[in-house]
Amino acid sequence: MIPTGHYLLLSAILFGLGIVGFVFKRNIITLFMSIELMLNAVNLAFVAFSQALHKADGEVFVLFVIVVAAAEAAVGLGIIILTSRNRRSLNVERVDLLKL
Amino acid sequence: MTAPLIIFFVLAALAVLGAISLILQREPIHSALSLIVVMVALAGLYLLMGAEFVAAVQIIVYGGAIMVLFVFVIMLLNAGKEERTNFSKLATYAGIPLAVATTGFIAAAIAWSSGSLPAAEPSGALTSTKTLSLLLFNEFVYPFELTSFLILVAILGAIVLAQRES
Amino acid sequence: MSSLNQQMLQNLRLVLPELIWCGTGVFLMLIQPFLKNRQALTFLAMVGTSVGTLATFYGFFGSAFFAQIQFDTFSLFFHWLVGLISFLVILASDSYLEREKLDSAEFYALIMFATAGMGVLASAQELLTAFIGLEMSSISSYVLAGYRRDSVKASESAVKYFLLGSFATAFFLYGIALVYGVTGSTNLVRLADADPSSNLLRLGLTLILVGLGFKVAAAPFQVWTPDVYEGAPTPVTALFSAGPKAATFALLLRIFSTVHAATQFWFWAFWILAGLTMFVGNLGALVQSNVKRMLAYSSIAHAGYTLVAFAAVTSVRTDPESVAPAYAAVLFYLASYALVSVGSFTVISELGGQGERYLTFDDFAGLGTRQPFAAAGLSLFLLSLLGLPITAGFFGKFYIFKAAIHSDLLWLAILMAVNSVIGAYYYLRLIVVMYMREYKGTLPADASQGLSPTAAMVVSVAAIITLYLGLAPNHVLGIVLSQNLILSAR
Amino acid sequence: MIAFSGHLLTVVIFFPAFGALALLFLRSDDELWIRRLSFVVSTVEFLFSLLLLRAVPIGQAGYSLEEFGHWISSPPINYHLGVDGISLFLVMLTTFLTPICVLASWHGVHHRIKEFHVMLLLLEVGVVGVFLSLDLFLFFLFWEIMLIPMAFLIGIWGHERRIYAAVKFVLYTMAGSILMLVGIIWLYNATGTFDLPIIQKLLHDGALVLPERTEMILFLAFFLAFAIKVPLFPLHTWLPDAHVEAPTAGSVILAGVLLKMGTYGMIRFCLPLFPDASRRAAPYVAVLAIIGIIYGALVAMVQPNLKKLVAYSSVSHLGFVVLGIFAFQNISMQGAVFQMLAHGISTGGLFLLVGMLYDRRHTFEISDYGGLSTPMPKLAAFFLFVVLSSLGLPMLNGFVGEYLILLGTYQVHWNWAAWAAIGVILSACYLLWSYQRVFFGEVTQQKNRELADASVREKWILATIAVVILWMGIGSPFFTQRFAAPCKTVIEQMNRNVMHEVAVPGTPRLASNRPADNSTERLASR
Amino acid sequence: MPTPAHPILDYLWIIPLLPLLGSAINGLLGSKWPNKIVNIIALGSTGLSFACALEAVREFHGYYETRHHAFVKPFFDWIVAGNFRAGFDLQFDQLTVVMVLVVTGVGFLIHIYSTGYMAHEGGYYRFFSYLNLFMFFMLILVLAANFAFLFVGWEGVGLCSYLLIGFYFLRQSASDAGKKAFIVNRIGDFGFMLGMFLLFRSYHSLDFQTIFDTVTNGNVGVEPIGTFGIMTVTCLLLFMGATGKSAQIPLYVWLPDAMEGPTPVSALIHAATMVTAGVYVVARSNVLFTHSLTAMSVVAIVGCATAFFAATIGLVQSDIKRVLAYSTVSQLGYMFLACGVGAFGAGIFHLMTHSFFKALLFLSAGSVIHAIGGEQDMWGMGGLASKIKVTFWCMLTGTIAIAGFIPFAGFFSKDAILFAAFNYQFNGKVLYGVGLLAAIFTSFYMFRLIWLTFGTQPRYDERKVHVHESPKNMTVPLMILALLSLVGGWVAAPALWGGRNYFAEFMAPVFGGEKVEGAEAHSLEMILSGVAVAAALVGLIVAWRMYTKGAKRPALAGAYKVLYNKYYVDELYQTVVIGPLMWLSRNLFWKVVDVGVIDGTVNGIASGATAVGDTVRHTQSGNTRSYAVWVLVGAIVVLAIIFWPILHPVLVGGVR
């Protein structure tokens, strides 16, 4: 008897925390983790809707999101490695050569 | 208060706390562990809703594979404590408020209209894996096949980016 | 069974271009250990691109894969467009890769995958498929942006693009989730039947707009654009400014022409985004000293112009029959801009010298005499960006003005006019520098001595098409105006 | 000849483009042949334009030699050309001045000679196209195209601050023209066509009635673009810069023809398409025109720079034209058209002369000259002749236009004419004063003592100009009878839907004992 | 239509065309020719023109006998627009007869004189080219049959005046004077043009006949004095033009400066012909003027005032030509006075006689200057009578004529004017009184000139200056003019003893019959004649007393200084009009309004855009966290727009 609204609210909160993390964190890796957190929130919403609508396709979406997240992680971490190699820092604020 | 509800709240609290911890931790590795907590909590919630396959995938792929990748990279790069620089005035002063405002906006909109949502389905009728696979290979076969290329791109990208100069 | 096969084959016909593009990408990866000849790889990639593009002729108008894909004139148009863009970018990359000593097989493969992703975006009738397509092109783009591994700027460009892009993707995805929650489907056909007054639907669409607005660099989501464009290898920048942008606009158009929720609030959203984007892009470009970065800002401005047409599309005052010209305006504009953008970035890429070092305005001084062809080509592109007659850019702007005025968006049209004048200033400035200033000091030895043959080809093709569209826009316009577009979108 | 007789206008427009193309095939160091070829091309072009003269019957109001071809189907943009008495002479003015510019640049332009002539010929294409287009869109197209060669002429072959001037010129013009584009599209939105005659017919039949506010906005959109081009005070500040920095040929074309595009646009578009708005705006426009006349003259008077002086004199002279147009009088309208032509010749001539002085001394400062009559009496004589034409001496071309403008204007707005006539006084002041400072007195600077008098080439140029000046001054009916009917038509179109009496400020008292007369002038004055 | 019986009248254009041809030939080709050929061209064309004029007069006599109206013939269209037409239409009537003969006759004489005077000057061909051109324009002026064509001549003579005044262009003062003449004339033309426009507005034509017939036959009422009806305005505007051309107050200032030109020019243009154009126009438009009493009074008052005012300045001038110049201004004033009081015939009569004796005076002065080597200051002359006898006698004739001694030409014309003024209904006595005073002054300054120049002892250095009589080609014209100055007035002489005024009768078709004079009027005229001669005598005696012996350049002080400096009118114009206008133009219009305000705004917009662009640029800080915040800003903006219907009441409610 858990209202779908609960799940959605939780999803919104997690999504929001992801946003907060993204603007608050400095380490590029944890920044990326914040994004993963947001994706997780999306997943939660998908599953909740899927259950609420009695449709399974929402859960299929989750699978896709997870795959995409994995792909992003692979590439993203590759980029992070590249950056750290080039810049010797993982602080996103120090990656500011391109500006104005 | 029913048991599922209690479980929900426990797991929800766990997820939120994990997320907050992710933010507050200064060691990247701690953040990663916090994220794993969130994921596990979410997997619990999926189970609670009856999405067993998704829960499993969540644990195995997300919590397992992806997060291991994170941890691996953290180790590889020997990422130390996060330095809390404040070069961005905008993010320093407006970042959190705006993030909270956005969240509040979204949350409020959801809360406002969750009444109009279809009736919530209590946990019980589990979505069978078969249903999922049928969907996946019928209706969603095209995106599914596309994801294979997506992964190929990811592999290719990772190779391209991470390879050492010859 | 055979009927199922038959059906599957029919389905595959509609996604043949994407299959060929992806296939070429895979083939390039596989052959890479054995084929070291760069030019052969370039040729292969070009063959793949063109065959994929031509494969659209094998297709037919209709939907496939359980209405995941809708193949209509709209997607046909964008397939050709992205195909052409990729073809040109590949051609333009040849000399760049040689100069920067970069591997070409992976590069081309990534472009092929990105192209396939854009193709998916263009014909996706389903948000999830669109999402996968978007990710295919985005992830390839992230990698391409950082393709110059030893370059500090390129890696910064990649990391910024990646982080912010993923951030925006999350919004997009969340929007999809909400739409799904309201309509029970992510298919656009179903979306059309949804109750437009639902707040959740609105929220979902808003978040989708945020996500896609980021991708098309609408202000204030444009912040990533100059940095990423500047840092990325120039041919890649050319691709970014033309391909993904066009494809994302295609999706945006499909979504927002479908939603019956075309209330004045969507219209206002596009109105304000358009206005902001134009001003930010143009004013930002006004003060640049790096040509590449200037063009990056200019690309923001042009996204703004395109958004004007979106405002016209969603304007409540627009009657359904007359929306068509507004679509047409968007399509034509994207085509004209894409070509010009590819052309101009190609010139820039050739002139930058190794490591892209000679890209300030001062480095362009006297180009008119040093390299008449490059200067003439670049000037033509700049004039098209400026919107001068007998170039494609003029008709692009013309149609947008027309659409805007038709929808009674007089003030937006005037804002656009003002912006065109601001834009004229910095485009002219570059022309002025090229033709009316002498180069001061001695030319560095490694500065480009002229366009490579491949780049010259790109410039010629882009220039010819720019002029063609400027003199006889009818044919292209005829395609974009044909009935199917509207019918299928609705 | 027969082969293209049906497409004479196309030939006239695009012949210079082929000439430019042919130039591209010459080696760029083959200076002599580049010059010769472009001279031949532009002269042949002039001869082509003479053929137009035959095609425009005297007294015919409509368009001749119309060419119509579908170009773009949606929106319906057509390649619609036509010539009438007004455009006829403006085209001829253009084609007349271009070969003269080629000649004038014979020694004045030293670098990038091929590009220079290509630009000059392309400019001619644009300008002629503007005058011959009957499709609003086509008109706009040529209007914009012509900017680029002009900007290049200023920017590459100009003087010290050429880049500033070129950019200023383009931006100023573009600011206006882009609004005109908005206006054109809006008009299309209301009518569904870009075709000028069709829109006129719609308006004429009452099939199209623009709401008052819309009409005013459209009028302003068009008018602004034209006013910048004219230039009308206070939108004139691009002009002095552009003129001073442009090379001689650029100045000649700029003053001779480009400014006329603005006034031509007013006659061709503003008045017939938006008659009520024109009428409502007329008092304000007239005031600006009058301010321009007097202000331009006063500022010209104190210029230390000869070329700038001539530039400001253009502001003053074009003020007359605008005034003549917005008096809505048959006579003043014809005067305005005539003044456009006359100003083209005489100010063009002045710029040529100033350019000849510059070729010798490389300065425009009046104070660097003085006493030039002694070393160069012939040039001085020509200069005086052109000055006299510019200040409106009867029997020379400047007079006829000014006189008709003032006469026509006076018939309905005596106070406008009176104020404007002050400009006639002032033009004598600044022109004669500057002439005195340049040519009279003892030679004060050693450099000026040795200056060569007009060369044979220069004498031919100047003699041609002088003959035309004289011819226009004496044989003005040759011109006026050809554009009388079109001008009258414009006035009639203006008046077709005058429903109510529009009070004309300042006239009634004198009008009291005016005999009844039902000519068109009377109608217009109501 | 004209018949072949009038070969010249039918081809009337030949009269002006001949000098034009002469001018063109000399101007274009003369630079390489010797003076002799130039002479042939210049004199030939003018002489032929004079001959043609004579023949035309003869033909006109016959023409008028049969048809009793002016000869008018349109030749070809000059300006046509709408219902406006101005043609090259020529007219020949009695007024034209006088004018054409004066112009061609006196002009021809002066041409002859010039061949001597200019013989050693540079730019000989140029001079004659200009002079012929002037003849052309002047003939156009007097022959034109409509106002527009008249204006051609009107402006044209102004141009020639400009060219000839500035003939010695190396001299700053000469070119200044030329420019001044042209510009001041332009100010007058401003009025003249407006007058024409008003005429056209009233009558839809500019043809003399149409206008005058309309006015004459149209029951147009005479506008009473003090009213400013349309006729008055028209006339005053035309008169404004006349004041410019004929150097009346307030536009007389250019004429004295015009003496910078060669002396024959002064004689021809600035004494005999061009400056009388204003009088001609007023006389020509007499039909209009007589319909406005206000305008007539203004003309009379201005004329009278100018006559007096210029005469006072003339009293003290030391430059011989300037004296004559102010004298000219003064005499022109008389002519306007005549017109103003309705005695157009008298005005034209004075115009004619004046052209004889003033040309004579100027040419004589030229001869003096020529003789003494270029000196123009009378204080540097003296005692020349014995050395240049012909010149002296001629000049003396002219002086007597202008002073108004019977029976010289000036007497009859001036007398007619003063008589008409005396009889004028509005303040006629005052006008007469002032006119008479001016006559005394005239006599004074003219005899002062004679004594200073020819009388007493030489005040120049005789060792350096070799005084010599002028050549024949200069003295012969002098003598002819002297003769004319003597007999020129005799056509009107019988009127004095009650006979016929042939001149007035001849002019009657143009001006209408002048008032029939009764016996009472005749006796009054006799009395007034006596007074006039007495006045001239007074002037003569005073001058004699003052300048016969020991005359010295007086110190500049008091009234003398004011007069010497011409009442400081030039300075007044300079400080009140020209100076401020230049200052305003330069410092306000150009530097503040144009460069500062307008261009400043334009450039300000540009730099403003750049400044904003810079701000935009700085939001692009390069910091990804900032970028993320921008994305959030965007998200909130879009959310706020989309949810405005919900948000709006919440926010507004919150505020409340």
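As written, the chain order gives the labels A, B, C, D and E, with residue 1 at the start of each chain.
Here is the rule we go by: contacts are C-beta pairs under 8 Å (C-beta built on N, C-alpha and C of every residue); 3 or more make two chains touch, one makes a residue touch a chain.
Keep in mind that this is a model prediction, so the values were computed, not measured.
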item	value
Touching subunit D and also subunit E, the following chains	C
Pair of chains whose C-beta contact count is the highest in the structure	A-B
Maximum centroid distance from subunit C, chain identifier (CA atoms)	E
Maximum centroid distance from subunit B, chain identifier (CA atoms)	E
Central chain (distance from its CA mean to the mean of all protein CA atoms)	D
Intercentroid distance (Cα basis), subunit D paired with subunit A, Å	65
Separation of mean Cα positions, subunit D and subunit C [Å, integer]	43
Rounded Å distance between subunit B and subunit E, as computed from the means of their C-alpha atoms	101
Subunit C and subunit E: spacing of chain centres that average the CA atoms, whole Å	77
Contacts with two or more other chains, residues of subunit A listed in rising order	8, 15, 18-19, 22-23, 26, 31-32, 48, 52-53, 57, 64, 68, 71-72, 75, 78-80, 82, 92-93, 95-99
Sites on subunit B at which at least two other chains make contact	87-88, 91, 95, 98-99, 102, 106, 109-110, 112, 117-118, 139-140, 143, 147, 150, 153-154, 157, 160-161
Subunit D, residues touching no fewer than two other chains	171
Which chain pairs touch, all of them	A-B, A-C, A-E, B-C, B-E, C-D, C-E, D-E
Of subunit D, residues touching subunit E in the complex	168, 171-172, 234, 236-238, 295, 298-299, 301-303, 329-331, 334-335, 371, 373-374, 377, 388, 393-395, 399-400, 403-404, 406-408, 410-411, 414, 417-418, 421-422, 424-425, 428-429, 432-433, 436, 439-442, 474, 476-477, 480-481, 484, 488, 510, 513-515, 517, 519-521
Touch list for subunit E against partner subunit B, complex	621, 623, 625-626, 628-630, 632-633, 635-636, 639, 643, 646
In the complex with subunit C, residue positions of subunit D that touch it	71-75, 112, 140-142, 144-145, 147-148, 151-152, 155-156, 162-163, 166-167, 170-171, 174-175, 178-179, 181-182, 185-186, 188-189, 217
In the complex, subunit E residues that touch subunit C	606, 609-610, 612-614, 616-617, 619-620, 622, 624, 626-628, 630-631, 633-635, 637-639, 641-646
In the complex, subunit C residues that touch subunit B	11, 15, 18, 22, 25-26, 29, 64-66, 68-69, 103, 106, 109-110, 113, 116, 120, 126, 128-129, 132-133, 135-136, 139-140, 142-143, 146-147, 149-150, 158, 174, 178, 181, 184, 198-200, 202-203, 207
